[in-house]
Structure formats: structure tokens, C-alpha cells
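In the two complexes below, chain A is the common chain; its partner is chain B in one and chain C in the other.
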Partner chain A sequence: MRSFWTVMAKEFLSFLRSWGLVAVVLYSFTLDVYIAGQGIEVKPRNVRVGYVIEGGGVLPQKILSHLHAPEFQKPKWFASQKELQKAIFNKEILVGLIFGHDFEKNIDSHKGAKLDVLLDATAASQAYITLVYLQNTLLRLENIHIPLKLKIHKLFNQNADSHMFISFAEMLSVITMIGIILTAAVFVKEKEDGTWDIMLLMPVDSRLVILAKAASQIAIVMGGILICVGFVLLGVFHVPINGSFLAFMLLSLLYAFTIAGIGLFIAAASHTIMEVAQLSVLIMMPLIFLSGAWTPIYSMHPILQKLSVISPLRYYIEGSESIFFRGTGWSDLYPYFMGVSVLGILTFWYGYRKIGRLF
Partner chain B sequence: MALLEVDSVHIAYKRTIAVKEASFTADAGQIVGFIGADGAGKSSLFHAIAGVLHFRGEIRYKGYPYHSPKEAEPIKPYIGLMPQGLGLVLYPQLSVEEHLEFFANIRDIPRDKAFMKYKKKLLHMAGLAEFPDRLAKNLSGGMKQKLSLICTLIHKPKLLILDEPTTGVDPLSRQELWEILDQNRKEERSLTLFSTAYMGEAAKMDKIHLMDEGEIIAQGTAGELIKSARPYTYQATRCKECITFNGRTYSLKPLSAPHAEPTLESLFFINALKKGKIPPPVEVLPRETPIDIPEVVMEAKGLTKRFGDFVADDHIDMQLRRGEILGLLGANGAGKTTFIKMLLGLYPIDEGELYLLGRKIQSPKDRQELKRYIGYMSQNFALYKDLTIRENLFYFANMHQLPLNKASERIERLAKSLGFWDYMDSFPKDVPMGINQRFSLAAAILHEPVVLFLDEPTSGVDTIARAQFWQLLHKLKHIWGISILVTTHYMSEAQYCDRVVVLRRGKKIADASPKELERRFGTKDFEEVFLRLYEEQE
Partner chain C sequence: MRTSVIKAYMQKEFKDLVRTKMIYLVYLLPTMILLLFGYGIRLEVTGARTIIIDQDQSRFSKELIDKCTHSKYFNTKVLLISPNEGLHRIKQAKTDILLIIPPHFEHDLLHGQKSELAAFIDGAFPLRATTMQGYVEGVILHAAKELAQRFGLKHPLITLNHRALFNQAMRDENAIVPGLIGLIMLVAPALLSALLIVKEKEMGTIFNFYASPVKKSEFLIAKLTPVFLLHSINIFILFLWATWWFGVPFRGSFGLYWITSELYLLISLSIGLLVSIITNRQIVAVVLTLIITIIPGFLYSGMLMPISSMVGESYIEAHIFPVMYYNHIVYDTFLIGQGLESMKNILYLAILAGYGTLLLIVGSLLLKKELG
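Presenting the complex of A and B:
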């Protein structure tokens, strides 16, 4: 036990003394999550609109008045369709509206007026959501009265606030990234310096040393999670906790352990910190993409859906979203706990075989 | 006017001074040597002259002065620089021929008849003419250095700067490298600056500069330098304010003892005396835990290690007896480190049998039980850089399960007797290499082992620290009665061992006491002995 605490203490000391690393970890768990939550928007924002009015009337101006801040910049007037097209081509304008000669006349005479819309589809989602926005505006103008009303119940996230989800997903990605790199680096740094050989020759079971080293990094990640949840998720984005916070911390601990296992796996395969960086990206990317963090699992290709079973992040995301938003109880969380633990044990076992033993 | 004039060049990195006010001149057709340990400032000085490092002071090439890398730009076509490190300028996936083409291309040399002839000649000189298609990664260390050298020569530089081209290279290849240089100086009349940590190469140079801690402490021919050391060199005797090593005592004050013949190394000791830097005495205190040691501490029978097709160690038999210092010698890539790693269990053994402390090693479990009897010091003094020396030692003490009060007592004893007590709260990167070396030895013997494995413990430290370290090992052997296995690529260190085993390309080519080898080849110069040993193998 004494060796375990010695190794732990040594790793903490090393971590705190490399202030660059401390800064990176702190940044990732606070500012990075904050920026992602604030910055990545699915709603249109500051969209540049241009328009051409070939006829006259007040209706076009009325429609344009619906396009206002913060979603849109003040629509810009163009003299001709050609100029507007050129502006879109040069990426000065994202959405172009062309009100034809008889626009207002046709509406008044119920002849079926036509509004031409030019969209820059390279910014697909922004352009598309703008289009939906525009359609809604026009619908309201038409004053149709159908005896049907939508009654919407928004579950788990009443304000349909995307900040919450994006900051949450970003935190999970940060945990994955920091966890893998910290653990892998802590072993490979010793390999690079040649101290790992000396470690193996100490009269201590190397399993204990590996566990202690991994545990120290897991503790750092857990600290980061606490900071991130406390200050960013709860403090800034007001994410609700509908389930047990303890369950989330336990799941996080298991996940951090699994991630440390992957870090150990990478450490076993690389000789230098550079290789760690390269391998981490190679392994982390599919891990995150297959997890459902950014794309729901059910909208993936069937083969990828099957593959996502091996991404521990998948269980962690589904588990922790259930805890936070759906308030799922302990007994229903058990598949997530299982998935994370089994993968963790496998990676640790492999890592130990590869770097932790004498022959 | 001299071809190259270096005028009080001063180079400083952030906090450390690499070169202090170095001045010298050198003429065309000369081979000018710079001898000193790692960190003496040789590489920094060379890089400044080659125009790739900022410096203070002035350098003149054929009267053209430059003070910065930018100003040095016009003379770069006349310079050939070969940086330190085996095969560092080579590309592993290119063949010998492709290398020459590549270096000719980047120097924009026209492909005329003269070039083809010169290329052929270079290949021939380097002994590479037979395999122009071999990839660089498949060349031996010596061949790599020869290829690097001819690549540097391809544009016929007038100023050839070679940074430790022979370090870690086998004696035969070293001799061939020197032959190429000799021919080049005669035919091209170029100036060669040559740095080395091997004193033995001094005799081949026209002029020598001894460097220590960034200073040129002496310059002249080998003969002149040795002559200057004579008045201060005596046969071994006891006295105050002097240094005694390897049968010689150095003193600034006249002694009653008879004079002895100095070597180039003597100058480093005399320099230390002149600067008042007498190394603190190093002692070994008796061990606390008595132990009885078997007659044969380690026995290897036909140990073999393969990496793919490459045989790193080929059926090596070796015995390490009680209270013996065994030197494992060989060039880089000869299989020394691989062998030690097999002994320690860091690499699996592919073939052969190993007995440690009378027990046959069959499973990791055997290793586990023997760990506390073995001390190991790895290459480049592996220590935790972000822990202070004190923290490092306590860390190791904890890992060895030493009780805390006993540990702190023992650490203090070791630190004081090995002379690094004043540095206990410094970080390893801030203390001299010699201190790091002794402190990592302390870490390796903290648990009072029975056998010590030291991998290149003396490379990278200055002459005096090296001398002290060898004295220390001998004291350790005598007072503790333990066995020590040391690897080194300094052939001259063979004289400090009780017995030496020489490896060449994974094969054992000698196993004898230094005395026997001296007798067999009739020379006391071990560089010479090993050259002959290698020649026998060809």
C-alpha cells in the first residue's frame, strides 16, 4: 500500500509542477466547454440576407422586417438579380430573396405569388434553418385557418436549449481526450526518460505501480469533471440534474478508469510522446464519432451502429444523459455500468501484458 | 592570414553559458581537434562557426567576418557540417547511392564527368562501393558514419566541421574514417574541425584544443600539451591540495615524489587544480545489511536475442564472479544494452540459459524474488526530472519499502559520502552531470544490492567525474564486496576493469583480464588492443 501512495503522491507532484499541463487541463474543463456550449449554434445567427425588389409595394418590406437581429443582419438591397448572385458567389450573402414584378399584385389577386430564394448551401444547416424560418413567416402572413392546432410538450429540456446538450457533449469529449492523453503520457514520459525500466525492477508488483499511476491521472480527471459540472454545466448553462449525482460520479469514475486503460494501451504501443499524440487522435476520433456524442446512433450506417458497441463513450453518454436529463434510476443504469466496466478491464489487462512485466 | 579565425566567441543559452570567450586560428590543410566531455561546449562552438547558432564575438573565414547566422550565409557553400549522432543526417529509406545524389542535388552540383569520378572515389574510400543499393537503415553504425562523412564531402567543402564523428563507432571504422579525412586534407587542402571525447585520437591531429565547461583550457600539439603537464605530474603519493588518479598525483606545488609521464587527461586534472576546483573526496561507507554472496553471481549460457532478422546478441556466454568489476565493451549497436536488458528481464530471452545468484531464471516470479538483490543504473542516468534529488531518493527508498527513518538516515549518509549533499534540493537538470551520475548511483545502491548493472555510466560526464566514478566503483567493490557489470564504449576504460568482455555485432570476441590483453598484443594502449581484436575478426 505504501508504494501505491508513494507513486500517487509522486504523480501529483509531477503534475502540479508542470504548470503547462495544469493550464491545459483547466482550460479544457472550463473555457473549452464554455466556448463550445456558447459558440456552436444550430440556430441561425447573424445571417447575411440580400434582396432584390423588382416590383414595388409594402409587402416585401413587411416580410423583410421579420428578418432581424440576432438571427439576421439587416437585409441588404441589391439592384439586380445578377448582382445578388455575384454577392452569394463571393460569400458576402448567405440567403438571397428575389421579389418578382408582380409579387404583391399576385398575392392580392390570390393568383399564387412566387418568392425566389437563393441559398448558399455550403453553409447547409444555417441556410436551411433560415429557409424554415422564412416559411414560417410567410405562413403567418397567409392567414390560413385550418381547424388544427399543434400542442407541443418538450420533454427533459423545456426551453429546447441546445447550449446544454452541446456543452454536455463537449465535456464528455474533453474527459475522453484528457483522460487518454494524461494516462498515456504519464507512462510514455517514463519510457522516454528510461525510468520505466527502473520502475519495473523495483521490488514492487508492477500491477500495483500501473494501477497507482493510472489512479493518479483518474483522480485528476475526476477533479476536472467536478470543476466542469459545477462551474460550467450547472453554473453557466443551468443543466438540470434529474437523477442521482452520485450515480453520475460513479459512472464517470468507471469511465475514467476505462479511458485510462485505453491510455495504457496507447502507452504500450508508443515510444515517444509524439507517438502518443498521433495514436491518441487515431483512437479518440472513432471513439467519439461512434459514441453518438455528435450524431445519434440510430442515424448511423448499420455497420457503424454495430461497431459503436465497442465505444465506451457510448455507454457513458447514454448513461449520463439519462441521469442528468431523464432522471433514470440506479437499477436501469446497470447496462451502462456494465458496458463501461467490461471495456475497462479488457484494456487494462492488455496494457499490463504489454508494458508492465518482466520476462 | 589563417583560413579561419575565431575571436572571443561567447555563446549563452537562457541560463547557461555554453562557450566562454573562445579564440583560436586554424589553417587550410589542418585537422584541428577539440577534446572534451559532453557539455564542454564543443557542439555549440561548432554550430556557431557553421553559421547556424547565434553568438557574440567575431569569426573570420578567409578574412570575411561574420557575427550572426545571417552574415554567415555567403560562406555556407564552403562549409560542410556533420552534426553529432550516429547517422543523424541520413534518411533510413534511401540507399547509399541515392544519398550521394540527394546531397549533390541540394548543393546544386553539375553532373559532369568530374563529379561522377569524385563520387566513385568517395564510395571507394568509404568502402561502400560494393553496395550502393543498400538502404541506410540496414547499414552498421560505422558504415553510417562513413556514409555521412562522404555525403558531407560531396561538395568539396573548404571548411569541414565534424561533431563527434567517431563516438560510439567501432575501432576499425574509426580508423577508416580517419583515413578518409587524411586523404581529403592532402588532396583538397581543406580545414577540418574535429571534436571527440576520445583522448586517443589526439595523436592524429595537427593541433588540439582541450575544452572544459565552455572554455578552451589548453591548445597546442599533443606533444606540447603533454610537455606542459609534466612539471605537475608525479607518481602516486598522498598529499594535500592535489588529485590522485590512476597511478598519478597532480599537484601545483612541488612534491618530493618522482615525476611520472602525463597523458592528455592529466591536463584536465591540472586545470581543475589551477581553478581551485579540487573534487570533494568520495567515500563508500560499509553496508548496513550483511549478506553472503555466491561464488558466481551471474552466469549466462548462450544468451541470444533477435529482433526480426537482426541478431542483437548471438549465443553469448558470460560469467560474473563475486567481487569483480566486469567491463562489457563494444561500439554502439554491438549488443551491450540488449544484453543487460536480457539479464534484467526487460527483454525476453530468445535462447539460452541464465543463472542469477545461483538460481536459474525461468519465470517472472524468479525475477520478482531477485529484484531486491539487484541494482541497476540505466543509460543517461534515468531519474525523475520534475522531482528534486531528495524527492527522487525518497521515492526510490519508498519503492524499496525502507522504513522512513532508516531511509532518511541512509540517504543522508550516501549523499554526504558521495559528495552531493549540497545539491539535495536541486532538480537534476540544474546540477552538473557528474553529480547526476553519483546521485543515480546512490539511487541504484540505496537498497544495498549484491550485484550492480551499470549501462554506460560514464558517457557524458567530464574527465574528472569519470575518474572519480571509477574510484568509487572500486571502493564499492572492496568495501561491499559486490559484483559490478559495466558497459562502456570508451575502450580506454578497460584498464579499470578486472575483466573485460568485448562484443562486436552481437558476438563475443574477447573475454580476458586487461593484463592478459596487454600481454597478448604487446601494448598498453587499449584503443590499439581493440583495433587489433577487431582486425582479427575481419
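Presenting the complex of A and C:
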């Protein structure tokens, strides 16, 4: 057991000594997550609207006055349809409204008017949501009382605050990336430096060496998670913890093991850090994109849906989301724990076997 | 500058890439990312798991349910459970939308009284939640309009006549795949070039360079050219995947796409080069490159959120990274097709050229041909 701790301490020391690596890992867990979370807001916010009024009247202005912050930026006036179109083509405007010549006249004479809307459909989801919003605005404006009301409750994240979510998703990706690369590099570095043989000659059980090396990197990742959750998620973005924090840390630990297993496998397969880099990207991307963070699993292609069962990140994301936002209790969390544990044991065992052959 | 030296050095670099089997990854990685992301990212939510609790069981409520079942956006189940049980299912992440039709729904409607439907949406994934909210509102709005007509209520005077430009069918592939090219061409070349110099530093072979009469400029050209040429082919490969496999229309000029991509490739290589020069260990270089390329390549690309809608900090950040300029031109060549007629495209092309030159100059200034 003493040799286990010694090997672990040696790995910590060499991690801390390379200040560049420490800086990069710290950056990933703090600033990087911050930048990602800060950067994006996916609901229709600050949508740039442009308009052309060919006729006159007060109604167009009245409609425009309903397009206000936070959903819309102040609508911008254009002299002609052509200019408006050009602005949309240059992606300066997302939604263009054209009030035609007889817009006001037709309404006054109760003939029914058409309002032309041009949408930049390269931003398909924003365009669609804006359209629904416009439709609702018009109905309200015309004072039509439809005796049917819809009350929408968004649970767990009432304002659909995407800062919280994206920073959170980014942290999970960082954990995956750092976990895989650090673990793999710890072994491959020995290969590259030629110290592998010295390691083999050490009077320490090879199993202990593998476990200690992996454990040291898992510990570093866990430290990163704590820093990230504490400073960025809770500190800056005020992510709520509706469930048990202990459950999250436990789930993270299991996930870190799974990831370390993948790292072991990569370490066994590659000879240089260059190969580690490319292989980890190759494995990481599918892992992240089968996890359901960016596309709901039920909307995926049926084959991908089946494949996503083997992405440990899927269980980790769902589980952590449930803990943080949904506030799910222990008893309902067991599928996630099961998923991560089973995959974790499998990958770790496989990676361990692979790297063990080299000893 | 001596061409024979460059040629010899280039041959050595090229052999290095082939021997370490990197050559496979140069072509495997971009294609794989494009296929995975192209299928993997869907902004549209189809088949959202919906539970409708019909407490009314009348003709109207059935009609409303019918509207939902016939939409591809919902995967509807009508259950007779209590609202609390439904909420619990959302909590267990077993369902996404819960729609409750209140008792006396039909009765209230027929008597002109207000009737309130309640929809509960799982907000744990905000983007998804907002999209689903849009769908639910759309369906209900449609139903409400029909009802209003049937009861002879005041007819809405203004009808929206919308035209979706550039992407008439609102296909997600068209909106995403061009943006992915911008992401891939930023990440993959940078990842390769990031290791070129730091590898020699860590192995100690950098001293060959220090001690030899090879000039700095020759060294850089010899290092970057093989990677540049190898990745240039990816510009065509990715184009083919996008148009032929994903069926994204291409409306602009291929020449513009090609030249812009080559420029962008140079920028990406220079980013990797800079990383390679300032770091001392390969592992640091790898992690640093991944982090400074993937995040902006994905989030600030205009793929998930239009640049025009960004405000404050994120608006500035988006303008710092090169991906925004490249993607603007790529989206233009694929979906819009203005080409060089638009001043903005020319401006962005110039910015890209300036960006690349600047990075290369900084890189060659930072590279020292002696022990630091």
C-alpha cells in the first residue's frame, strides 16, 4: 500500500511541477466554462428586426412597438424592400417585416391584410420561435378574445436560462476531455521519454502502478470538478442544487473512473502524445454527441438511439441534470448510477487489461 | 531561402507523418466529426414524449388531442393519471411535456367562458424547452383560431405571410453542416500543427534545429507546408460530404469557398503553431489547442445562435475568433450565394487574410533559434 501512495504522490508532484499543465487544466475548469456559459443564449433574444413601410398609417408602428426587449432589439427602418433584403442576406437582420401599400387600407375596410415576413432560416429554431411570438402579438393587438388560454410552466428552469445549462454541459465536456487525455498521457509520456523500462524494473507490482497512476489523474479531475462547481457554476451562474450534492460527487467519481478506463485503452494503443491527441478526439466526439446534450436522444436516428446506450456521458448528463435541476431523489437516480457503473467497470476492466499486457 | 533545404526538410516531415500513421487521422478525423455532428445535432425536436391528461373526455378535447398526435413533433400518449403522477414522470425524465385539459373544457368553451389549458415542460435543457414551448403554442394557437372561426368570433384581420429565406424547408442539415466545416477546419489542422515544434522540444531533437544552419523561415515553411497540403484535400472532402451526402445546396462560387478555406486553414495552422511555440510539453499543447478551438468553433460560430443576436461580452468575443468571419462566407457560398457582390464578404475575406498574416508574423517572431 505504501508503494501505491508513493507512485500517486510522484504523479501529483510531476503534475504540479509542470506549471503549464496546471495552468491549462485550471483554465479549462474555470475560464473556459465561464466563456462557454457566457457566450450563448438560445432562446430568441435580441433578435434583430428590420422593417419597410410602403404605405402610411399608425398600425405598423403600433405593431412594431410590441417588438421590444428582451426578445427583440429595436426594429430598424429600411427605405425599400431591396435594402431590407440585402441586410438579411448579409445576416445583419434576422427577421424582416414588410408592410405593403394597402396594409392599413385593407384593415380599415375589413378586407384582411397580409403582413409579409422574411425569415433568415439558417437560424431555423430562432426563426420559428419568432414567428410564433409574432402571431401571438398580432392576436393580442387585434384584441381577439379566444376563449382558450394556454398556460405554460417550464419546470426546473423557469426562465429557460441557457447560461446555466451551457456552462454545465461545458463542464461535463471538459471533464471528459481532461480525464481521457491526462490518464492516457501519464502512461504514454513514459513511453515517449523512454522511462517505461525503468518503470517495468521497479520492484512494485504492475497492477499497483497502473491503479495508482490512474487514481492520481482521477483525483486531479475530481479537484477540477470541485473548483468548477464551486466557483463557476454556483458562484457565477447561480446554478441551483435541488438534489443531493453528495450524489453528484459520487456520480462524478464513477464517471471519472469510466473515463480513466478509456484513457488506459488509448494509452495502450498509442506510442506518442500526437496519437493520444488524435485518438482521444476521435473517441471523445462520439461520446459527447451520443450523450443527448445537444440533441434529445428520442429525436436521433434510430441506430444512433441504440448506440447512445453505450455512451457513459449520457447517464452522467441525465443524472447530473436530474440532481441539479430536477432535484430527483436517490431512489429515482438508480438508473444513472447503474448505467455509469456498468459501463465504468467494463471500460476500466478493458483498458486495464490492455495496458496490463504491456507490463 | 534555399529551396533544396526546404525540400529535404519537408520530405523528412512528410515521412514523419506517414510513419507515425498520422496520415490516416488527418483524413479520418474531419470526416468522422462531420458525419457525427451532422447527424448528432438537431435543433428541431421531433417526437417529444408528451403525456396528455384529458380530464374532460369531450369532443373538443378529442379534437385537440388529435392535433397533437398528428404532429411529428410530439409522441403523444393519452393517460388517465393524476397531474402529480405526470409531474413525477417529468422528474424521472421519462416524459418531456405534460398537457392537462381541464374538466368542463367543452362546456366552458361553448358558453364562452375562459378555459385554461396547462402545459408543463421539462426545462432542464433550455434550448429544447424553448423549442418545445414554441411547438405547443403553435398547435394550440392553430386550434384556437379554428375554434374562433367556428363560433363566428371576430376574424383575425392580419395574416402572417412568411417566407423562409435560404433554407425553405427549414432543414437542420442546411443550417448546421456548413457551420461544422468551420469547426472542423479550425480544430483538426490546429491539433496537428500544435505538436510539430513542441514535440521536438520535448524529445530534445529541437537542438538539431538550433545547431543546424537552417533558417527560421525555412524551418517554418518546411514544417507547415506538408500539413497545409494534406489538409487542403480535406476542403474538398468536406465539401463533397456536405453537398453529396447531406444534400446541402451550394449556391455560391466554389472558387470563393476554396480560397477562403485555404486562408482559414492557414489561420488554423498558425494557431497551432503559436501554441506549439509557447508550450513546453505536448500534453499541454494538446489540451490548450482543443480548448481554444472547440469552444469558439462551436459556440461563436453562429451555428447555434446568430451573431446578430449576441450582445455585450459575447458579441465582442465572437468578433475576436476567426470562425465567425469564415462561417459567414461559407454560409453565403452554400445557402445564399451572394459571393463577392456583397461588400461584407469582401471585408471578411480581408479580415481573414489579415488575421492569418498577423498570426504567422507573431509566430515567427516568437520562435527562437537558441536556448531560451
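Following the convention adopted for this analysis, the second predicted complex is superposed on the first by the 343 of 359 C-alpha atoms of A that agree within 3 Å, B and C clash if a C-alpha of one lies under 4 Å from a C-alpha of the other, contacts with A are read in each partner's own complex, and residues count from 1 in each chain.
The rule we apply is simple: contacts are C-beta pairs under 8 Å (C-beta built on N, C-alpha and C of every residue); 3 or more make two chains touch, one makes a residue touch a chain.
Bear in mind that the values here come from a model prediction, so they are computed numbers and not experimental data.
Q: After the overlay on chain A, what do you see for chain B versus chain C, clash or fit?
A: By the criteria stated at the top, chain C and chain B clash after superposition.
Q: Please work out whether A:L246 is in contact with chain B alone, chain C alone, both, or neither, and reply first, second, both or neither.
A: In the superposition, A:L246 contacts neither chain B nor chain C.
Q: Going by the contact rule set out at the top, does A:T6 touch chain B (first), chain C (second), both, or neither?
A: A:T6 sits against chain B, while chain C stays out of touch.
Q: A:L201 in the overlay: touching chain B, chain C, both, or neither? Say first, second, both or neither.
A: In the superposition, A:L201 contacts chain B only.
Q: In the superposed arrangement, which partner chain does A:V276 touch: chain B (first), chain C (second), both, or neither?
A: In the superposed model, A:V276 contacts chain C only, not chain B.
Q: Just chain B (first), just chain C (second), both, or neither: which does A:I345 touch?
A: A:I345 sits against neither chain B nor chain C.
Q: Have a look at where A:V132 lands relative to chain B and chain C in the superposition and call it first, second, both or neither.
A: The answer is second: A:V132 touches chain C but not chain B.
Q: On chain A, which partner touches more residues: chain B or chain C?
A: Comparing chain B with chain C, the partner touching more chain A residues is C.
Q: After the superposition on A, what does A:S18 contact: first (chain B), second (chain C), both or neither?
A: A:S18 contacts both chain B and chain C.
Q: Superposing the two structures on chain A, identify the stretch of chain C from 207-215, 225-233 or 315-323 that clashes with chain B.
A: Of the stretches 207-215, 225-233 or 315-323 of chain C, only 207-215 runs into chain B after superposition.
Q: Identify the overlap between the chain B-contacting and the chain C-contacting residues of chain A.
A: 18
Q: Which stretch or stretches of chain A touch chain B in the complex?
A: 2-3, 6-7, 10, 13-14, 17-18, 193-195, 197-205, 357-359
Q: Okay, in this complex, where on chain B does chain A touch?
A: For this pair, the touching residues of chain B are 341, 344-349, 364, 367-368, 371-372, 374, 376, 378-380, 382-387, 391, 395-396, 398-401, 443, 447.
Q: Please name which positions on chain A make contact with chain C in the complex.
A: 18, 20-21, 24-25, 27-28, 32, 35-36, 38-48, 73, 86, 88-94, 107, 110, 112-129, 131-132, 134-136, 138-139, 142, 144-158, 160-162, 164-166, 170, 174, 177-178, 181-182, 185, 189, 192, 271-279, 281-282, 285-286, 289-290, 293-296, 298-301, 304, 318, 321-322, 325-328, 332
Q: Which of the residues in chain C come into contact with chain A in the complex?
A: 20-22, 25, 28-29, 32-33, 36-37, 39-49, 75, 87, 90-93, 96, 108-109, 112-131, 133-134, 136-138, 140-141, 143-145, 147-148, 153-168, 170-172, 174-175, 187, 191-192, 195, 199, 202-203, 279-284, 286-288, 290-291, 295, 299-300, 302, 304-311, 313-314, 317-318, 328, 331-332, 335-336, 338, 342, 344
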